[in-house]
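Below: a set of structures, written as structure tokens.
Here chain A shows up in two complexes: once beside chain B, once beside chain C.
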Partner chain A sequence: MAITEENVRHVAKLARIRVDEGQLQSLAGDMAQIVRMVDEINQLDTRGLEPLLSVQETSNVMRDDVSGPVLPVSTIEKLSPKFENGHHVVPAVIE
Partner chain B sequence: MNPEKLTLAQAIRGLLKKEYTPGELARACVKAVEDDNRRPDKLNAIIGLHPEKAESLAAGLREGAPLAGAPILVKDNMNVEGLPVACASKILEGYVSPYTGGAVSRLIQNGGLPFARANMDEFAMGSSTETSHYGIARNPVNRAYTPGGSSGGSAAAVAGGQAIAALGSDTGGSIRQPAACCGIVGLKPTYGRVSRHGLIAFGSSLDQIGPITNTVEDAAILLGAIAGYDPNDSTSVDAPVPDYRAALEASPKGKRIGLPAEYFSEGVEPVVRAAVERVVAFYRAQGCEMVPLSLPATKYAIGTYYVVATAEASANLARFDGVRYGRRSPGAKDLRELYFNSRSEGFGLEVKRRILLGTYVLSSGYYDAYYLQAMKVRRALKNDFDAAFAKVDLVLTPIMPEPVFKIGARSQDPIKMYLSDIFTVVANLVGVPAISVPCGKDADGLPIGFQLIGRSFDEAGVLAAAHAWDREQPR
Partner chain C sequence: MNWDTVIGLEVHVQLNTKTKLFSHAETSFGAGANSHTTALDQGHPGTLPVLNREALRKAIQAGLALHCTINEYSRFDRKNYFYPDLPKAYQISQYHHPICSKGWLEISVNDPKRGEYARKIHLTRIHLEEDAGKLVHGQGGAVAESYVDLNRAGTPLIEIVSEPELTSALEAVAYLQKLRSILLYLGVSDCNMEEGSLRCDANISLKPEGSSALGNRTEIKNMNTFKGLLAAVEYEVRRQQRVLEGGGKVETETLLFDPVERKTRSMRSKEDAHDYRYFPEPDLPPVLVGKDQVDAIAAALPELPDAKRDRYQKDFGLSLYDADVLVSEKPMASYFEAAVAAFPAEPKKICNWITTEIAGTLNEGNRSIETFPVKPEALGELVRLVSEGAITGKIAKELFAEMIATGKRPADLVKEKGIQVISDDGALRAICERLIRENPDPVAKYRGGNKNALGFFVGAVMKETKGQANPKSVNQILAELLK
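Then we have the complex of A and B:
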């Protein structure tokens, strides 16, 4: 499948990454090449093969429903770009 | 003391005999880094020096801890409480870790003391340590060449005498390939052998932490200090950790070693082939049975890897949004702009390329053709290896089809860079352990490495066979 500049614009929006118009052509070109390489996987006949989701194929791991240690709010505050009254602060979401 | 020629085994002996203290050894490594940093072509293998951390940990050193206070270099994607961790990315600039991850905690309990952070490709995405926000790292064997990647800082520091041993992480070859490029040893353990807790995730179904060391014996010692079950990583496996060092003495005689045709094809350069064939002759002389093999799905491995790894990366890196930690772009008008600006300014080009590719292969309309198909090919690859390991104990291959490349030679050509990993990605996709061991040099004196791949959780068998070769080599 060929990848177009429009595809790149679309996935960039989904991934919240800005691609400048100046970069778009070279990025789309690189990605088209990579996708061509990746496309080779479709030459293998995989009928009858179950997808391998995890190499260990263990069943789901459950833990006891008890709370463990958590980071103190003071540490979270130190790591936060902007923090007030116990909350991370971001620009307004609602007009 | 001079850290340059010191193996981890020798350092432990010296520490136990009190010839030097852990603090002195850490400071000697720091001095080697500071001296080198004055050169215009500095290795730039280490991007953070923290001898005070090693010294404070040394105060709490447990009597009888097997690593005896040896300073260990840690790749810049592992959380160590109180130290910065940035994945060599601008987006984590200034971030200081509030906790220590599982493997590093175990390392510290066993007397291995983090004293510095190693340079790497940004978010471990690269094969040459050229995408780091902190500048490129160089190969100590010849500084015009890359040290490989993504754990290129870890490998260059150990080979360059700035660290005695290091931890790296390996998602598609990122421990083994730089170790080979720098002429030292690197081991990717079985998926689940070492805790991934506190390792900043790239491809969660592929990532493993492992040792980068001067010798196979050192790799055995360091693996023993980090391996084991961790309830904080639900993919770590609750299986006993053998004494890897004791296992080294097992003779390779009678072992069956597979030689897969796909790894000795036309594309392998003669100098690499000749070096690896000397290893084949060695094992034959040791009484091993060399078994020709075919792993037919191999030709689809690199494509499969770049689907799985980028898909997982696009999901894992969604957490870096400038809201709760890391770098936030100033002046955004609304939340959407804050996400866009923080991510666009914080990630480098290669990371963006992989996030976009991962988003593409997971997006509506392409999921079945890429992600689902890759999962099925991954099954075919595993079936190949299951069939092989019914017949052989180990599989032997080159690490790379070509010798080490120069700085800048591939950085503008992503496909060429991706193909550097063609022989290493399979062990990650299948989850099996694999080691890289030096086996010669090319015409320019750059190291060449071979790879031994073993059955899941047979690190002991992989290490023993590798040690048989390694201990015969001049140093």
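Then we have the complex of A and C:
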């Protein structure tokens, strides 16, 4: 699969990564190579095989609806880059 | 040109579990910011989600009540996007394999143009997902910061998606009301719309009447009142109609409805259309639900509004309209049933009291029937007293007002006030004879063929006896004397 510079821009935007225009071409090449590895897997004959959705054969690991200890707000505050009046503070977002 | 309106609703319902969907933090409303979160809810690395069994059960209950197929196999996916109220930068949802598929519910609509009618609306799916946190924006114009409270993050939601089958704003409201009623009967959510436990997005498009091709649609986000939904859909339908009739094209976009300005405005344009990159959530194993488990949940479902409505018509001889009014709110149906249990002989009379006197009083005071001072047993007793001829209908209404004010039982009030019905023919006959002597005009009218004139005398007797005369006897005596 060919990766265009536009693809790189789009992925960078989704991932919130700043990419210089000068890097686009080489990154497109790198990404194309990675995708080619997946292409190799595509050459395997998987006819007649069920899709594998999880490597673990488990299901229904559930918990009862019972409450347990929470993080103290003081701990959250310590771990937060900016914290005021019980809230994380982030750059303004207005839709 | 005439246009067909096509509406589909996506309804988000907060499940009333004790704890969150994937963590043991309590769900809460109004608690101190960030006081109900675990490391998982805060999005810290190294944490793992574990599904709340009760949330799954409630989702299955909702699916069964809405005639869905409960999928034996369902699974969670990650919906990826960056937003500060979403600490993990993805929401765990069910995209490819929801817990419930298909389904339907029946709505009844009262449309001034089309009259009263019932319709079946089909559902596409119901899936489980986690809610996001809450963002608080600073006040004023040039605000540089927003504040994040993650208490709500991880609260279990079900999203109920309808097929695009609704054809008017009134149908959309009827659909949301019916959904709310069913969910309240099930007890899976408190459906408190002010607190955001029930929120709804509407997809709206128009197409030329009778055409099968759908037009471009817009999506109005996050409405949480019936009034808001009605106004928003009505506005948006008119707006699209104006655009199309002006030769324009409806842009596919996401809108917000401003309830103050009463109009929709664009929320995000097509250029930043989201690319969610759904993929299977690797931290959660698939959910397998056995037929036994589904059968057990189905067997334990409470009686739902439609079944109750049919039963009221069949067992109590109520009209469709009366039955619908009683069952629309579960507490009202429970009140009715408790009153009928106290006096089973006259359910229709009890229904009338509830739908007129009680409903009227509740509306005036914006009160709920659950805290109404007149208990259902007391209402049953009141109807019994009238039915047995111990008090008249007029006295009953007076007593009812006192019962509301004092919370006293009607039989006690009757004793206390020395109320009795005068059924004594002799006493009543004397009053009737005197009134006929004193009022020759109405007598002449009555004898001249105006049978309504009888009402004058009945009223006069009631006035004389302070409402304590047995109306049946009064009517008989008067009819006889005026012959």
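The rule is simple: the second predicted complex is superposed on the first by the 94 of 95 C-alpha atoms of A that agree within 3 Å, B and C clash if a C-alpha of one lies under 4 Å from a C-alpha of the other, contacts with A are read in each partner's own complex, and residues count from 1 in each chain.
Note that in this section a contact is a pair of C-beta atoms (placed from the backbone, for glycine too) under 8 Å apart; a residue touches a chain by one contact, two chains touch by 3 or more.
All of these numbers come straight from a predicted model, not from anything done at the bench.
Touched residues of chain A, counted separately for chain B and chain C, are more numerous for B. Of the two partner chains placed by the overlay, only chain B lies in contact with A:Leu27; chain C stays clear of it.
In the superposed model, A:Glu40 lies in contact with chain B only, and not with chain C. By the touch criterion stated above, A:Ser59 is placed in contact with chain C alone, chain B being left untouched. With both structures placed on the common chain, the touch criterion links A:Val90 to chain B and to chain C.
In the overlay built on the shared chain, the residue A:Leu49 is in contact with chain B alone; chain C does not reach it.
By the document's definition of touching, of the two partners only chain B reaches A:Ala12; chain C does not.
Once chain A of one complex is fitted onto chain A of the other, the partner contacts of A:Leu71 extend to both chain B and chain C.
Once the two complexes are overlaid on the shared chain, A:Leu79 sits against chain B and chain C alike. In the superposition on chain A, the residues of chain A contacted by chain B and by chain C overlap at 10, 14, 16, 53-54, 56, 58, 61, 63, 71, 76, 79, 88, 90-93.
Interface of chain B with chain A (complex): residues 95-96, 98-99, 191-192, 205, 231, 234-235, 237, 297, 299-300, 302-304, 306-307, 314, 318, 321-328, 332-341, 343-344, 347, 352-353, 355-357, 359-361, 363, 366, 369-370, 372-380, 382-383, 414-415, 418, 429-431, 456.
By the touch rule above, chain C contacts chain A in their complex via residues 17-19, 24-26, 32-39, 42, 44, 50-56, 75, 80, 82-84, 135-138, 143-150, 256, 267-268, 275, 277, 280, 282, 284-288. Those residues of chain A that touch chain B in the complex are listed here as 1, 3, 7-8, 10-12, 14-19, 27, 30-31, 33-35, 37-44, 46, 49-56, 58, 61, 63, 71, 75-76, 78-82, 88, 90-93. Contact residues on chain A toward chain C in their complex (touch as defined above): 10, 14, 16, 53-54, 56, 58-71, 73, 76, 79, 84-95.
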